[in-house]
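Below is one structure, written out as structure tokens, with a few remarks after it.
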Amino acid sequence: MVDPAELATLPRHLVLDAARMALVEDLGRAGDITSAATIPAGTVAKAAIVARRPGVLAGLAVAECAFHLCDKRVGFNAECRDGDTVPAAAVVARLDGPARAILTAERTALNFLCHLSGIATATAALVAGVQHTRARIVDTRKTTPGLRALEKYAVRCGGGWNHRFGLDDAVLIKDNHIAVAGSVTRAIEQARAGAGHMVKIAVEVDSLDQLAEAMVAGPDVVMLDNMAPAEMREAVHLVAGRAITEASGNVTLATVAAIAETGVDVISSGRITHSAPALDLALDVEVG
Amino acid sequence: MVDPAELATLPRHLVLDAARMALVEDLGRAGDITSAATIPAGTVAKAAIVARRPGVLAGLAVAECAFHLCDKRVGFNAECRDGDTVPAAAVVARLDGPARAILTAERTALNFLCHLSGIATATAALVAGVQHTRARIVDTRKTTPGLRALEKYAVRCGGGWNHRFGLDDAVLIKDNHIAVAGSVTRAIEQARAGAGHMVKIAVEVDSLDQLAEAMVAGPDVVMLDNMAPAEMREAVHLVAGRAITEASGNVTLATVAAIAETGVDVISSGRITHSAPALDLALDVEVG
Amino acid sequence: MVDPAELATLPRHLVLDAARMALVEDLGRAGDITSAATIPAGTVAKAAIVARRPGVLAGLAVAECAFHLCDKRVGFNAECRDGDTVPAAAVVARLDGPARAILTAERTALNFLCHLSGIATATAALVAGVQHTRARIVDTRKTTPGLRALEKYAVRCGGGWNHRFGLDDAVLIKDNHIAVAGSVTRAIEQARAGAGHMVKIAVEVDSLDQLAEAMVAGPDVVMLDNMAPAEMREAVHLVAGRAITEASGNVTLATVAAIAETGVDVISSGRITHSAPALDLALDVEVG
Amino acid sequence: MVDPAELATLPRHLVLDAARMALVEDLGRAGDITSAATIPAGTVAKAAIVARRPGVLAGLAVAECAFHLCDKRVGFNAECRDGDTVPAAAVVARLDGPARAILTAERTALNFLCHLSGIATATAALVAGVQHTRARIVDTRKTTPGLRALEKYAVRCGGGWNHRFGLDDAVLIKDNHIAVAGSVTRAIEQARAGAGHMVKIAVEVDSLDQLAEAMVAGPDVVMLDNMAPAEMREAVHLVAGRAITEASGNVTLATVAAIAETGVDVISSGRITHSAPALDLALDVEVG
Amino acid sequence: MVDPAELATLPRHLVLDAARMALVEDLGRAGDITSAATIPAGTVAKAAIVARRPGVLAGLAVAECAFHLCDKRVGFNAECRDGDTVPAAAVVARLDGPARAILTAERTALNFLCHLSGIATATAALVAGVQHTRARIVDTRKTTPGLRALEKYAVRCGGGWNHRFGLDDAVLIKDNHIAVAGSVTRAIEQARAGAGHMVKIAVEVDSLDQLAEAMVAGPDVVMLDNMAPAEMREAVHLVAGRAITEASGNVTLATVAAIAETGVDVISSGRITHSAPALDLALDVEVG
Amino acid sequence: MVDPAELATLPRHLVLDAARMALVEDLGRAGDITSAATIPAGTVAKAAIVARRPGVLAGLAVAECAFHLCDKRVGFNAECRDGDTVPAAAVVARLDGPARAILTAERTALNFLCHLSGIATATAALVAGVQHTRARIVDTRKTTPGLRALEKYAVRCGGGWNHRFGLDDAVLIKDNHIAVAGSVTRAIEQARAGAGHMVKIAVEVDSLDQLAEAMVAGPDVVMLDNMAPAEMREAVHLVAGRAITEASGNVTLATVAAIAETGVDVISSGRITHSAPALDLALDVEVG
């Protein structure tokens, strides 16, 4: 079986830029004045990043990068990998090296790790809810500004898949586009006429009539928006494999199984990126 | 009474940079290929940003900025202000102008508005829980990388207050610093000796003994970490106004009133920034 | 009929950033020392951008932007639009305003206009060569570093269409990927298993046998690389509409008609971006 | 004899910034999704960069940098140096290391190498055409926006020399400046009065009368614009070594020898930067 | 006793960014054309950075960084540390390695070292003038744009201390704020009500009456502006340890002892950053 | 007579970038918390920038820009121009508009204005010292990192002229280059052979013998380093107009007249940029 995390590709420069940007934000003009005042320059320490709650990890490379940008001498030994499910109290990584640098980078590293692991964990919960079906869980463009690539990577770590990455890499015709274009048919035809040959075309429909009209124009993907399971099942039947079917709207842990059981190919969720609570991880320092 | 939102100061360049960065992220190299294909260049439209759930608003200036960066001709008329509590279905702002630009900037604008309003709403809930006391709700450095200034502004909009903004603007001695320094006393003395005269010194303690030792060294703020209400009340009594008292750890809607009733000055919460669910707002377009 | 130039979407910020970057490059630390020494500060002038050779225009917005970044008071009145075919001696735009700013921005504006119009002109020549067929001319990723979005926009102005914009927005399996994967079949299956549902999959084949194998795996696009017309015609017949067919390799003005007449859907050319000679345009100043 | 390529100085940071900018442009938000799907993470490969046509090389350092930015473990062993003339089928460099990184950086590396080698090759052709004279071939400011330093370096690799790098490092009085200033004399005098003592002053003239007037004012360089060989020879005679003579306009392989034989010191060509076709180089991967 | 230089924390990325920015500024588009023309590529050299005048050092890390950014092979062996007082002719650091890189980075390295050491030296002179008292010398926000963090670090190297780093990390109520607020009392009360619990509040007063009014409102710091020693002594007496006392205005080598002897805690000087003459250091190359 | 300030060309984008960078540095993440707390949002004010000491102005455009970046509604009416000599108490500019923005931008605006006017003033003093001769005062590359273009502009405002702007726009052969090259003759010949035809070549000499040798090789400029007036006079006589003569070393108000009277063309001073004390200017606010 395919492991989405294995296939995720996060350009290295995005990892470096993210870690650096966050350190710059936290260190300001004067740097870590607490560590400078209370920790002698030569002090070394050991530390561990520990999960306080169970969850799925994402973002270890950014965390490692934050420590190394502070001081190249910090040793960072991951005990887990992105995509791993860890129990509470699990040691995620062990660190050793200059105590100042470990404490200075701590919050930056954890802010990434907790945020991205929170997304992976929320994704994994939905994925678990549909594992008896063939449906894939996918993300949306409802991501935190500035972190889209990282958050979509975290979705992969949680076993989910990625929808388009921006406005530019696929066509998605929504209700507002249809309203302006005049009809579903016309909107799809215009998109087909105007889009490049490497671009897929998806269309959002909210009724079986609209779906029937859309299918005549031949989109690559139909997004069934906020349909009840019975209607969605009928929609899947109507499409009959001629397009990829995607369910959207009101996707929660409570509803996702029923949605998946309608036979849709893909279920998209904004919540896994915009509202996932952070996973609780912490850094414990051992002195000596 | 002082209104925190009134006093919040978000440098204008941070608003512009944030909106621009997010548009760049969403538009990629090819721009909004869906709107280009389905909406004729001259089409105008009206639209409204509407709250789907009740909550407290934050981020209207960034949202407005996103539309204006796409096309200066988009009219953006806010019907509410940051800090306002709105009911479900409330119209937050009305837009009119080029239809392409409105749809192109929609997601960027909403991503900021939903995220920041989510933080303001979560903050306001805690603030409401302590309004019968004199305690202030404050944030932490557990913010989303790249968005600290905006998120701390959102906390103000929700009626909360700000803790330090980074590692550089105040000293906060935590358990790890104390462990390395050897004792609370020594850590505070070193901080006092090394910090500038405009810098406040806070120290985290987790027992009354540690608090008693700390008070001899005279910190500006004592952070009472994960104390039960009874112990915290005793701690407040022991401090007797000689330092600001701050409660931290396990702060939820269920616990915050009891914490506040111990008499602490300040209650800090990471959850309001790292785990607040997005507030559900949407953009409805009227064609015509 | 669809006009590609009409549908091209060049994000506004890319236009601004490009013009600004080029001015910074040309002005260095000391600015335009020739104009400062020889032209009194208050002098105004009129000027015209004139085509010295016939061609197709692209890049007027960047040119305008260069003048405005130097001095907002420069009037820029385009007499033509991107995508227009102009004869030699055609006036493309008329300018008036501060003489210093016009001369300072001249080379920056022309460098963009000549380069992008060169690409549009080369594209239009190929497009003209296939207009008796249904084939589309498309570009490649063989673009000038830093100018991909602008150059792909210029291809649209010349009547061509865009291939993928980068490594991230579509899968294109080439000979090297096939070699590593072990077989065409395996490479396509892996791509299908690993790619998101909004991503198209193209595969490059160089023989009919390889094509036959590929078609079993069901790619969205087959790229017929360096096939002779007869073989390519057979390939198109073999595909029979089950995938988009793309011809690549040895596409010149001399060969393009024969390639198009094989019935392929798309013909890709690197030359139109990496080797198009600049279109000769100049700025004539009238003193007055 | 002096070897211009030996003396070229391309600041290291420009090489790094260029390679990085181009990778960011190509990788977008999602990275190389084809290699990720089809090539297992641990696969290693060998590859060679091979010239498909004869030409002069330029840009090996940028190409190497592109591979190393993707993965530091890629071995890059150049078999040639910038400035070398290579036959078709020559191996320019051999690579080994992680297969994904080699394929991910391939296009970025080649885009630089083909573009810059194209410029070096076009320059070398002009240089060869004047080698029986003492004339130098020089470039202009007609370069691709964003790549001026790299393109001027490539001109050096092809045996050419550099004109000024921007508007700020030398005075070049053109027809438009003369028109505004009122006369050649006045323009040169103003430039002499206003320019620093480390700045050279060149003036463009298009007739012998204008040249005679200019020589009275004593410029450092006279640019003889679009003069026929006979007139140019007379101009060189008139100048008699009191200024550097530069020929410009209509410089092609067909005309350059005759121009050089007039005795001018320098011949400037825009074509070698703005219209040089890319040199055809490719990357061949060996699996195993 | 506490050594301020020991406690100074200059984030590593600020050092790198500063060195890089200055090299970019000096190298422009063409690099060091003098060294390229006169020094063969393989030449190695030894060199020493030598103090021409006695002073206090600051900025060795930025200087080292400038050489390493030019060429990693340059050996940089500091013979002194930031904060050291050196006599004229002292060797500050020894270098060896590629001669071109040493000469290319020379001016950039020295520009930082001379500027920052000038600030450290000016600071140390004031510090020496108050060493018989308990007063600290502190800086202001009157720093060179772009270099605040480095200059405030240099003040620490000279034995001084830092005032606030910007408008955002402490409240400082000046005459203009008081005028707008209506009274000292009102301004302090508003600041107290509006500022976070980690923020100190300072207020500038210029008379004993104003001081008396201010003390009722309870600021953390009172800035005694331009008071004569006698009045300042009375002010210190009036404050009686209830706030930190800071003297400002007319602080020179001639006046600083008398100011310190009034008993103030802190004396702030803008001159040490905005008007300190550069310390004369030079680089001597040994060929061989 | 030529007015250097009139001819100075400071690219507009450098002014904007400098003002913006300095505001970002001063405002940090939280902005101007003092003004926010003490000044109601709607308050308007009038203010004046006043010279506390006599001097020559430079930098008004950057100052204006700082206010406008804070709030476009701030009115900035300059009463003087860059290059003007003003007496103490002169009103340099009048401002009116939002009180918060005026106070927020005050320090940024003044930091530029005081620093650059300090350089203009120091330059003007040297210029006055040589006005009975034909010598020009010029700057060096001993400028503050990041501010070279602005500082060289300030030198022009003070009546001085500019030396080269960086390592890339002219050749300057110094003692170290000569030592490595083997002889003055060889160094100049190599520079002549390697440099472009638009580049001037200067050589530093420290004795009449070295000068005599240099003159044979024919440099454009000879820099007479640290020569006593008598020797320098002889040097000027020896050069006899065949090169521009530049005096350097030990240039002070006390020595500059004697140096100029030797007949040199140009006198360069590092002190006017690296050690000029800031000119004292302040902002006075009128409430009402």
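Going by the order they are written in, the chains are A, B, C, D, E and F; count residues from 1 in each one.
Definition applied: contacts are C-beta pairs under 8 Å (C-beta built on N, C-alpha and C of every residue); 3 or more make two chains touch, one makes a residue touch a chain.
Small disclaimer: the values here were computed from a predicted structure and weren't measured.
Peer 1: In terms of touching chains, how many steps apart are chain A and chain F, taking the shortest path?
Peer 2: 1
Peer 1: Hey, what chains does chain A share as contacts with chain E?
Peer 2: Joint contacts, listed by label: B, C, D, F.
Peer 1: Go through the assembly and pull out the chains touching chain B as well as chain D.
Peer 2: A, C, E, F
Peer 1: Count the C-beta pairs in contact for B-C and for A-B, then report the pair with the higher count.
Peer 2: Answer to which pair has more contacts is A-B.
Peer 1: Report the inter-chain centroid distance for chain B and chain F in whole angstrom, where each centroid is the mean of the CA atoms.
Peer 2: Distance between chain centres: 45 Å.
Peer 1: Distance between chain C and chain D based on Cα centroids, please, to the nearest Å.
Peer 2: Taking the average C-alpha coordinate of chain C and of chain D, the gap between them is 22 Å.
Peer 1: Compute the distance, rounded to whole Å, between the mean C-alpha positions of chain C and chain E.
Peer 2: 52
Peer 1: Which chain E residues reach two or more other chains?
Peer 2: 7, 25, 27-33, 35-37, 148, 162, 165-166, 168-170, 193-194, 199
Peer 1: Take each protein chain as a node, join two nodes whenever their chains touch, and name the resulting shape: line, ring, star, complete or other.
Peer 2: Topology of the interface graph: complete, with all chain pairs in contact.
Peer 1: Per the contact definition, I'd like the list of chain D residues that touch chain C in the complex.
Peer 2: Residues of chain D touching chain C: 18, 21-22, 25-39, 43, 45, 99, 103-104, 107-108, 110-112, 114-115, 118, 141-148, 165-174, 176-181, 187, 190-191, 193-195, 199, 270-271, 274-275, 277-278, 285, 287.
Peer 1: Can you tell me which positions in chain F touch chain A when the two form their complex?
Peer 2: 25, 28-29
Peer 1: Applying the document's contact rule, which stretches of chain C touch chain F when the two form their complex?
Peer 2: Checking each residue of chain C against chain F gives 20, 23-24, 27-33, 35-37, 41, 69-71.
Peer 1: Which residues of chain A touch chain D in the complex?
Peer 2: On the chain A side, the touching residues are 6-14, 148-149, 152, 162, 165-166, 169.
Peer 1: Spell out the residues on chain F that touch chain D in their complex, using ranges where they run on.
Peer 2: Chain F residues touching chain D: 2, 7, 136, 138, 161-165, 168-170, 193-194, 196-200, 202, 221, 244, 246, 265-266.
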